[in-house]
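See structure below.
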Amino acid sequence: MDWRRLKFPIFAIGAQVAFLILFGVLGEYGDDSKPIHPGTSEGSLKLYPYFQDVHVMIFVGFGFLMTFLKRYGFSAVSVNLLVAAFVLQWAFIVRGIIHMVAMGHVKFAIYLGEMLSADFAAATVLISFGAVLGKASPLQLLIMALVEVVFAQINEFIGLYMFSAQDVGESMYIHAFGAYFGLAVARMLYNEKHEEAKSEGSVYQSDIFSMIGTIFLWLFWPSFNGGAAAGDEQQRALINTYLSLAACTIITFAMSQLVDKRGKFNMVHVQNATLAGGVALGTSANMPLQPWGAMLVGCIAGVISVLGYQYLTPLLKAKLKIHDTCGVNNLHGMPGILAGVVGAVAAAMAKPETWGESLYEVFPLMVPMANTTEFETAVDLYDVTRPGSGRSAIIQGGYQMLALVLTLVIAVVGGAITGLLLRLNCCDNVQGGRMFDDREFFIVEGQGYPDVEGHDHDVTLRERHGDNDTTKTPMLEG
Amino acid sequence: MDWRRLKFPIFAIGAQVAFLILFGVLGEYGDDSKPIHPGTSEGSLKLYPYFQDVHVMIFVGFGFLMTFLKRYGFSAVSVNLLVAAFVLQWAFIVRGIIHMVAMGHVKFAIYLGEMLSADFAAATVLISFGAVLGKASPLQLLIMALVEVVFAQINEFIGLYMFSAQDVGESMYIHAFGAYFGLAVARMLYNEKHEEAKSEGSVYQSDIFSMIGTIFLWLFWPSFNGGAAAGDEQQRALINTYLSLAACTIITFAMSQLVDKRGKFNMVHVQNATLAGGVALGTSANMPLQPWGAMLVGCIAGVISVLGYQYLTPLLKAKLKIHDTCGVNNLHGMPGILAGVVGAVAAAMAKPETWGESLYEVFPLMVPMANTTEFETAVDLYDVTRPGSGRSAIIQGGYQMLALVLTLVIAVVGGAITGLLLRLNCCDNVQGGRMFDDREFFIVEGQGYPDVEGHDHDVTLRERHGDNDTTKTPMLEG
Amino acid sequence: MDWRRLKFPIFAIGAQVAFLILFGVLGEYGDDSKPIHPGTSEGSLKLYPYFQDVHVMIFVGFGFLMTFLKRYGFSAVSVNLLVAAFVLQWAFIVRGIIHMVAMGHVKFAIYLGEMLSADFAAATVLISFGAVLGKASPLQLLIMALVEVVFAQINEFIGLYMFSAQDVGESMYIHAFGAYFGLAVARMLYNEKHEEAKSEGSVYQSDIFSMIGTIFLWLFWPSFNGGAAAGDEQQRALINTYLSLAACTIITFAMSQLVDKRGKFNMVHVQNATLAGGVALGTSANMPLQPWGAMLVGCIAGVISVLGYQYLTPLLKAKLKIHDTCGVNNLHGMPGILAGVVGAVAAAMAKPETWGESLYEVFPLMVPMANTTEFETAVDLYDVTRPGSGRSAIIQGGYQMLALVLTLVIAVVGGAITGLLLRLNCCDNVQGGRMFDDREFFIVEGQGYPDVEGHDHDVTLRERHGDNDTTKTPMLEG
């Protein structure tokens, strides 16, 4: 074994040992799981089914969605698992330290709510992974994860706690951030040899595997947007997301035929654009948009997403040298921006007459200041208990927009820096012809591995007698 | 692009715009999700895990179950998604209007319970889809959905509210209805050129994809039968369905070997007949059948279903010109009738001595009339609070049978009418040799697409240089 | 049809009829599902989401995990369903009889908690199935299930009720037991003709199918370890398992590259060793190990499991004639032993100062005896209500070790006896060249079925004209 091949194991084991030490020094069980005088679990365990829905989205959803590449299925689903398991742990630590600094605590607590947040953090990195799928080594991806989580969590902290810009399904803080961070990394990793990568593209079976991911993402998106909410906000988030996805799906199929010369459906659109309705509603899912409003947002998202896949992705590659493997710009990027804008507009138009109690639950800083007649009114009419800052709707909308802009800036700058870092030779940069090919990092026995031209028979036989992948799995062959 | 190819997009977009307007004019958030003075979510959110189980059944279960055809996997899982997303929205409207008319309301409410009902409505149409799988265009399917939902919801309204015929897992109102509606459509669409469709049949991988659907349907069927119930009725529905499915599975495997000359298992039976135990218990799942009773129903369902696949399906095709692609008669049709009969018999034999409180909870019209001594007794012994109609067990059983018969009549008549409608030239009727072939409506790159004889190599290469599917996905190839 | 082919149907139908009678004579609805004066469902229905998570693990998880063999996908996922459905019912009866004898009842109750236990019992047998995958007939597997459930449930009863050795995720009573029982059976079924079985090994697509199983097992393992617990014990079980799995995953990927000469990941490790962290924590998941402690256990499990797959499995086959198809020793066996040891050590070091209320909740026999000052203290400080036996920590640890040792002994002895039984000619023993081949028990149409050399084209064509699998599915071809 040569030194190059030791880099990944050393990095991974080193990181894992560091995680273990940091959890030991800084982590502790949350109130409801500590052994001595624990809190009651009655309330907190209600989160668990929502957490598991999101958990399925992260590992099955993202993992299988990316198996569409014909020769990259092992990497898609396995490295998705690796990166997510890495981010889960790292996110606890980064989020823990941020909150310790902000709150003056000396330990961070580990509880179900943080498990959901850690899964959300994994989503951010996996979206970026989609932009560089097939072009980045596992080592590069772990390094990217290490850096991205810090940027993403700082961005979320500023937006959520300093701007009080609400984003219940985190379409700004996760989807838009992950997409533009990933696109910036993809731009930095771009090299002209992309053209040589004949392994890109799908085969019939890989497109069906990918649909496993699509469907599970589609099903559980209401839990993604509503899991962290409560009461009527939660129910609205579930209903709005459900309706938005349904509407988006119809429009996606219609648009897919419209943009094709022969009037046929495109599996890329079915796999991805059908989900844009979930992203586009992420910021405003808990707001009283009305059912038709949610459906309208879903329709717009479907149009944007299909047009993006059809026309914008090739353009980005040709003009800006951004090669976006999974088209994350179309599924997470533009729909994420749409989500932020919808949220800002809804906030700017919010008023107690139409939003009722929800106004102050969704936007706590809009509660009038203490000792004002407005506060008295709010207490009387809208069950408010604690005073806020008396923020106006326009100002809240402005902060929502500000959070969106900041997210985009931090994502692009952070992604560009990270991309530069990943271009260093030590990071196992993947070269042209070896891209989109599982054999670069996985033991692949020739059987069933499709050749680059589409027939899987002769070439794989030839390859088996070559020196590329003759290593056999001992258990299976020994 | 020619005019023929614009029909689907125009229809889909038109329908979606109409849905949006109808939701805007007629729909409103339910009590627990409205922003002003919302109800408490404590109770209603308990439905959500059951809803998500059913949601998985509709989209993963039905979608992947139908991927067994070797060249129709894209259509199976994608058009399943399309049709279900279409029905979800349409069912809210149709159900809403029926209840508005019946109750004199001016708006219909959108809440979790209706989301579950909308998913149930989708199941009805997807079962009919199974009967015409590979033979109907997406346009035909959306038109079928448009008509079928109206027939199905009217039938359910008559059965459930006018006859008070109970059907907790909707085996009559969904499974039997969907199956016979679909079979009637299939009869109308039949043409002799079916024999030319060499694409029918499975390959090894497609049969495994199909098992994803089978297993998820099998797992969550207790939630399907019990999701809408409560208390001990719900627990019985979960337990009875679980036991019925387990028993049905053993019998299915045994029967599958028995009917095969060489004594081998048939994947068609494994994929489908194992589920008949869930259908057959749908009407009576919440009744106190006793565990052994539930298992017995499951055993009978397994026998009927395997025999149906083995002997009846070929006969229906040869004698009645009904070509039932997925064999819905064997999975949903006959087991659905069995379910209705079991429910009717159980109702006719029900008495307070053995059913206790459950009798009046399951059959509210059997509560004695107000101001009778029987009502006083019921109040004292069985926690009854509101008077009923004093229906006898025999009469309740009679209404159960009546609901079953009405369901079959409306399904067959409605399906026949719909089938005639779909034969119109404007509906993109699929012709003989182009049936069961994804390339009719999807962009299919040649790679991995099995040829009709079973080798996937040469033919697909030839096709790639032909003019059939040279359109490439820009993102993947550009 | 010859007599040999009637054996399986007769056995299966006979067993199912016996189950039906035994349920009829001995079974009854539990308190919360009985029709007359039912208990309140408020508490018991909380178990249902955990049950469904475990349900998915048993049928999707185990079923698809075993589809990695290239020519054994039908059997893996279908026979998994068959065996599990068989064990579900049988486990109710065996557990029911044991508890009837122990408690002096005349009936056994059927309720949600027992449904979870029945699924757990299925896991035991499915783990053993993994050891003999491809080498045992369906008939042999049902006979094995019949015997194994009796041994496993007696072992669990002794450990749990007589030794009061705790095992919240049943890593001793299920994982270790199932693994060593299966290995003993595999030893007995070993014959030199294993070398002839060219069908063993995976193809590209089958390894991706297998990942469906891996991911769902990985996701829901917290529910497996925590489903039967409550309060803070449950929350700790969820958190500890989640962290252990994440840590184990990182270490698995690192180790997988380290042990490979070319430094590549091995899908066998990804599919299996990533899960060892869930097994290794099963006994102690609800104990206050601290988050870092759980992660450390996960790391150790990952190391052991990868090393086992790489070096021990070939050795077991070569030296001990134990051919372990799925490597259950590495995923369930050694990590199960590790789990038992961790649990015993944690118990031996447990004290009220660090464990608080949890000590007496986890180990009820450690509650001091009645009328002692220690009991008074426990009542005052740790909310204890009922006296125990005043067991010391060291003694509790000793009983934990004793339960582990007893488990291993009963598993090996029981498995060896069962294996001898299965070697009888009447059990349809599978011979050398016919192993790992779906065509032995399933109708397999030639299409897509990979040949033993890796190309699926010519050979399958030839076979289709041979006499091996010309039986066609009537529905698809007729």
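A, B and C are the chain letters, set down in written order, and residue numbers restart from 1 in every chain.
FYI, a contact is a pair of C-beta atoms (placed from the backbone, for glycine too) under 8 Å apart; a residue touches a chain by one contact, two chains touch by 3 or more.
All of these numbers come straight from a predicted model, not from anything done at the bench.
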Along the graph of touching chains, what's the shortest path length in steps from chain A to chain C? 1
Could you classify the chain B-chain C contact as same or different, where same means more than half of all interface residue numbers appear on both copies? different
Calculate how many whole Å lie between the centre of chain B and the centre of chain C, each centre taken as the average of the chain's C-alpha atoms. 33
For chain C, give me the residues that contact two or more of the other chains. 49, 205, 212, 450, 457
Write out the stretch or stretches of chain C touching chain B in their complex. 1-2, 4-6, 8-9, 12-13, 15-16, 19-21, 23-24, 27-30, 32-41, 44-45, 48-49, 52, 55-56, 59-60, 63-64, 67, 73-74, 77-78, 81-82, 85-86, 88-89, 110-112, 115, 138, 205, 209, 212, 441-450, 457-458, 460-461, 464, 471, 473-478
Which bits of chain C are touching chain A when the two form their complex? 46, 49, 53, 70, 200-208, 211-212, 214-216, 218-220, 223, 230-232, 234-236, 238-239, 242-243, 245-247, 249-251, 253-255, 257-258, 260-268, 270, 274, 288, 290-292, 295-296, 299, 309-310, 313-314, 317, 327, 354-359, 450, 454-457
